């Protein structure tokens, strides 16, 4: 996914333009069938019938207070059929998802809320292993009372010898489950899967492409830690050229007002022009800096990333130079404001020194935990509606 | 499993001749213990005590209507202790299993039926990966409220270094679970496992041997799609020499009246004589044809299969010639009758052209879904009885 | 873990000396929250509030009858926060765990007891595969109504390329689960994990180090099979040099009175001096013997072990000589007393002849099953308290 396509799909709302849409609002809405595949696509369309908890619902551009309104018809804009890429979300949808995620923080194992997905099956269809992401999604499903079918060797489905298409695999797996979480090695695979499936698909990373739940949890963490998104100052540090995380984050933050971004990175992995141009076009202030201390003293968030050795090939000297350049340590903590936090998508290496973990401003393990709440929220909304 | 042994075991009913039988009708029947291994073998013998839904029960050669009869004693013929091979099933047992499978189509995630196996544990003991089969069984178990212990690297149990026998592994795993679904690389492994285990064993494929749940779902699909099995006309297309699927299907269809089979295959992978002789001995009409169009125009079912490249070794030119010979495409669909269907065990390659998927007569994804219902039925019957 | 360190930590009780202790008795005790990670550490401290079944509780050095006492404050000695090594257990704690394990033998799938861990999630974080151990723990969790997040390729978390520390992985996984079962290739890994985690950690084997649940199930099996531990005579046979199993067993048996141990092993794999010296220091009688028949005739337990080929490197002639030397067969059974039993940690090779399996004194499969009850007990105690 290039930024060019990001831009072109910027105003697109999957719920509206997705061709599955019309079939998803079928007569099945009148039935209360949790899992037949022929019908489950409509569940996300009419799931609001079953919403029992009180929730503040943001509708369209405005806010609307709804309390368990049984016949409330959500606008098309809120129709969440699949989660494919960060740019499918507008500001209002982000807010609505964050509301649901907040409510997930209060769910306990024995409360009734934790059984809201009882009887639902999620298939984690991973064409390449990603234990961290997989466990997070599976925990989310099970925390809500649902169950999981797991495969980490989904390539076996479509091995060179057998040659099954991704589409055929999806058609088979949708017969066994109610929602598919897909990890794939090819960019665009999630979109193809979603176009085929009659049940919701969540992209858990497709090659160098998208990993939208990571982008959502990053923004959610900033709001939870700092208390706001408008007016936020964020320093993006480390590998800004290759990390899809920081690129998606920059993209999503452009939806908020008075945001200022600082880019602090070794020369070989600087933020690319496409993102810079996009930010400028959206009126987002940004600047490059080689002074981590100065940036850290101004920012609400220092978002550190790992320099990825595998991107340097045989130029290991460049890697060694780059990785040692910007380290978050006690000196950085000293200049940071009291309310500011350090974030990191994890796993981390030595770009954050170990004793930083003990500072209350080290937010990265809370950030990882927020991934659980965001994924619980996505599963809930896709399977039961808002 | 050769047809010679198929013939010799033709009239065998596992429930009767299985040496576990006597122990399985032990005093444990009087207790209501769902999972102690010392007793669970008897559960399948006396499970009917717990059957709460109304079901039409076929007993012996005749049909019998039973409504939750608490002390009804099923005939020995119905005792289903293990599922090892297609030929263990007679026509009546097939009908009874299909009845149960039909009722499974109506089970919903939140209905009480979906909790009928709550508290039961299935171990999927796979000595070689088969994600499709494994997910289908695991979905079946979870759709009924049961839970699953999974291993796809069961070889590690009995690695060359450690050298544990299959029998010892089974004795250990039966201590952890209530039913074992076994996939093994050696023909006959499932029978050995069943002879050892005190809990039910389902064969999910043992090397070049049997894969009985696939055979059952094929016959079930024909009945569901066409509405009958007696008088059916089926064209078997593709690799008829190596596919255990078509061989098992031919065997099972011989149990029905007025069946006619057409064999359409490249010369190198023709149906073998043993099956032809068996069909003739059972009075089943069959003919070989090289004209797919003519066969397709006459048949109720066109059962296409994949030409398996791995069977050709280095003779790739023969493979290329064979694979291109009989393709199901729009031309074939045009001559097929309206009520007829295309089936395929999946995964498919280009032996069915992609646009065939959209024709309502393309039944192969429904067929895959039927695998779920058949497996739900087998799990229910083995753990709770009829 | 050397015996030197075993000795030094002999009187240590993890519950007392563990630095997590103070945080674990936090105000969260007043709440009834089963799984928030910020609080779950305290669950094992105050879990006894929720204990509904009657249980005989051994407190400190004396026995105490307690029936669901809601405000009963267990002594520090009983605080079980983590299960790291066999030597953390004193005689009283072993008895208390065995009491709980006994009650687990009566839990049935549909009884309420089987739901006691409903809503709890266990993460099986395996850095090397061990299907047998993993399935046993997962069965234990599911038998109690809990659920499981599984990974057998946890190394991927901390691959050379990514280089995440075990501590960081633990901090992430504790956000997804309520208890971690860790298998690791490095001795001491479990202790490091427990020092980091705010939720309970169970060591399921750390390299050449400890595997405490195996040690517990061995002692439990002796008590179950023979009816006592004081005054027991045990013959340890086979590889006594390398097997952590027999070393741990010898260590634990030293806690009982009038125990006599016989060591029967090929010269190349004799019991090491550290254990012999330790036993002597504890007043435990032991002798070496090369006469299996004589030992078998005297013992309550013949504990056979596998000669591990991988320990011999290229000296395969020594291996062949050693493995054939002491075999348990019908001749051995003939001289064994009626009440005596044969045990084995499994998997076994030909050090026990196959027809021994049929003798009622062959206890090794019951022993494997006891592993399930011990693990159920550990999970219950760690998550709910005594």
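By written order: A, B and C. Residues from 1 in each chain.
To be clear about the criterion, a contact is a pair of C-beta atoms (placed from the backbone, for glycine too) under 8 Å apart; a residue touches a chain by one contact, two chains touch by 3 or more.
Going by UniProt, the chains are A, B, C = Aspartate carbamoyltransferase 1, chloroplastic.
Note that this is a predicted model, so its numbers are computed, not measured.
Colleague: Same residues or different residues: which describes how chain B and chain C meet, taking over half shared numbers as same?
Modeller: Interface between chain B and chain C is built from largely different residues.
Colleague: Working from the CA atoms, figure out how many degrees chain A turns to land on chain C, in steps of 5.
Modeller: Answer in degrees: 120, to the nearest 5.
Colleague: Let me have the rounded angstrom distance from the C-alpha centre of chain B over to the C-alpha centre of chain C, please.
Modeller: The answer is 41 Å.
Colleague: For chain C, write out the residues touching at least two other chains, lowest number first.
Modeller: Answer for chain C, listing residues that touch two or more other chains: 147, 150.
Colleague: Which positions of chain B touch chain C when the two form their complex?
Modeller: 32-37, 118-121, 123, 147, 149-151, 153-154, 156-158, 161-165, 168-169, 171-173, 175-178
Colleague: In their complex, what parts of chain A are in touch with chain C?
Modeller: 108-110, 114, 129-132, 134-136, 138-139, 142-143, 147, 150, 152, 306, 309-310, 346-349, 354, 357, 365, 368-369, 372
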